[in-house]
């Protein structure tokens, strides 16, 4: 299977949390391409191929000097536009010496990069992830590295019934797998899988968020935007209270950016609209979320190894009802890749993960 | 070299010691096939392919629930016959959903598995290893994992002259390599190499077993039954005593089951017919045996790497007299594989490793 | 890229420091060939292929017994000429049993080996590295293992401007990269790159050698003899002193012997002509040198991985003036390999790394 078929290129990917990029070099491989990032004197982010054209060592062996990059081997310097600014031992620089640059943007407390045709990069095409830094929302953020095909991570996030089996110590219980789910496709990039769990015991994470362990009405929507943007809308309120007035809601955002064919960056922000400045809650969310996502990691890394051993067959090998979300998500992804293959100038506009003006109601199930 | 030529399939292999298989899942790869084992409510052992047909993760990610297996990813359940018993989120199971099963048996304190054509599996074809749990015998048991082609381990066990060089601290001394050996072929699966070592200093292990370091008459028979059953009949008695009346005898059993092309399970039982309930002796035997087999392991793993680097040439590359046993063992193995290749329904009946009614006498050498 | 094109075979290579070879077996892989070395009773060094012809295990699993090698598996013995001296269990040895031998020599406190056509091995062809053990010189010696193509290590040593970037804590400062270098080719095997650095602050290593941190006039000549012999002539004297009378000089010798396609032995001797018996200075030199070469190691190992990932393109990918030395060095190496390819009996005579009767003077630059 060719790498180029695993992901589209003409779209924005998240490279890092914004706070990770400073004046020092930051190296990260994205879509099989090694890249360095740093902030120039004006605070803007620059991105270059992490490869010195002289002797092919990574530029990340070096450092930044007055806002330009100095290679760690022989000191050649390159500016934010990739132009060679200095070669030790000579007064001029060889003509045509250039390091590949990438369009970058900073939005929603994230660093975005465009790996496709550079002239198509348009910041209007950046997906809306405003929950990461908008007023009224608070985000606990983190990162994990997965040794797994990024598509397996998306599959996992689109069928949350796995919570019952993998995450029984944090967010899962029998209610998740036992409750029916309703799937919706929205436009060309978004799939939603909605599940209602009325009058259940709160799993440990919810008892923490709620502050007590009384029974709850819980809902959950797995939302996927191709190629790798996921939100899990998680809402709940104590039974015998009013959903519209009394609900608490979290919108965990899971950004899955391919690193290589079989590795991925899991850049996450667990956003919520309550107890915004509660640092103790932040710490609890961070610990439980990392523990939870690490449970996924172990399983998905094993799955990836098995799939490689079997020659990367199509999934699911056996179709069950719970697969409707993941199967539809893969179809959107493949269609997005195909449109770009057919027309190299095609860029798929992003869809909407969630509308803050709408509170998900139980009867939504009937409507869907 | 193709994997299928390395071992026959229509025969019983040992998968584990019986005590290792409980109600919980036990995963082990055999003949390049990942398998899970567990005991159902009736105490019988079940074996399934370790692969969920849904999303191809190992079933061993999960657990047993009321005697059936529950996958660790999405909770699909499979019973001991491999039938799908439950799919979360739906009332019926997809038709044709099935996990491959393997015939298994429990005998001689071992778990046996049949990896070939299932309809040929006949428990009468299980080799006799009764020393592992028969009255009058005591077995100290253990396990090692070898990163080596299982055939190299058999070769090693059929030319015990290596004890002089590899195991000088436990069971070897010059007497082993210096004494002539007599080779016999018994039927289609068994080779025996008999060596007598009269009036020698006891190597450390024998001094331990005997309880003092007086000189001994020692004999040793390396017995191999294809594809991977080995016994080392080890007998000795103090010089000037009567062999028939006064000998002590151990029958170490070395079961070498292929895991993959270049890895093997070494499942062993060091059986003896004296000091049956001596736990201190058991502990000494266990420690010395593990130390001894680990010496083999280091050398054979190096040999396997070298042979892979050289493209798996035939062994021995240079033939010496001591190779008569290993060479004959390979011939039997290859003939057994060939008969099965020629007739896929052919099953080679097992031979006899040893006859408890016969005490090996020195003059046996002349007779052989 | 084929291995045989990476290095010539009809020339002497350094296998080890002489003190490393004793009566015990010493195993080292050179030019993709596993070899064992040991000293026989007369103190001479023997070298055999590290491979028992019986069952292909390394002879280095064994030991020496009365000056011959005994295999660690079944005890076959081979003498210094590679002839089989003993097979356990039989009175004669199989005819034609032989282990490949290699011509070896001991000179300049080094063990030399000839891996090409054995009948061409002529000790007159051993390069002159007398600084390693000549009167008037003292050598601090050491060894590093590099996971990098040996040619990348030579490239590195022929463009010392990298000192400014990699070795700023020991031997580098801006003066190195900023000073012009003059390149010379001497015969068919030697390249010299000469750099003068008048009136500079002494880098830490030079302050140590000089005993104070007053300003110095420094010179440096990177000298390369194909395939892997390097000398860095390093001279300096306090400003306002006379170079001819007052200079101190070190001639670090870097012997880079290929181990495999992408690994190399870095056998070094940091020779000097002052404070010959100063053990404290020795210790300081050893520590700083190992730290310095380990800095190179990290970078070159990264470079090698990148070059493998890019399919081993030619270097430099971008040519700058500082590359004149490395580029010329590669040309000599390739020409040497080509002559041998064209005429398998061709042996390139060695050149001269340095002439002890000549003190490098600043005006040498003009002359070059």
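Each chain carries a letter (A, B and C) given by its place in the written order, and its residues are counted from 1.
Note that contacts are C-beta pairs under 8 Å (C-beta built on N, C-alpha and C of every residue); 3 or more make two chains touch, one makes a residue touch a chain.
All values derive from a computational prediction rather than experimental measurement.
Engineer: Is the contact between copies chain B and chain C built from the same residues on both sides or from different ones, judged by whether over half of the numbers are shared?
Structural biologist: The interface is built from different residue numbers on each side, given that under half of them are used by both copies.
Engineer: If I superpose chain A onto chain C using their CA atoms, what angle of rotation comes out, to the nearest 5 degrees?
Structural biologist: 120
Engineer: Centroid from C-alpha atoms only, then distance chain B to chain C, rounded to Å. What do you get?
Structural biologist: Centre separation, chain B to chain C: 49 Å.
Engineer: Where in chain A do residues touch two or more of the other chains?
Structural biologist: Residue numbers touching two or more other chains: none in chain A.
Engineer: Would you pull the chain C residues touching chain B in the complex into a rising list?
Structural biologist: Listed in rising order, the residues are 51, 53-58, 61-62, 70-76, 87-90, 94, 97.
Engineer: Where on chain C is chain A touching in the complex?
Structural biologist: Within the complex, chain C contacts chain A at residues 155, 159, 161-162, 164-166, 177-178, 180-181, 299, 302-303, 306-307, 310, 313, 315-322.
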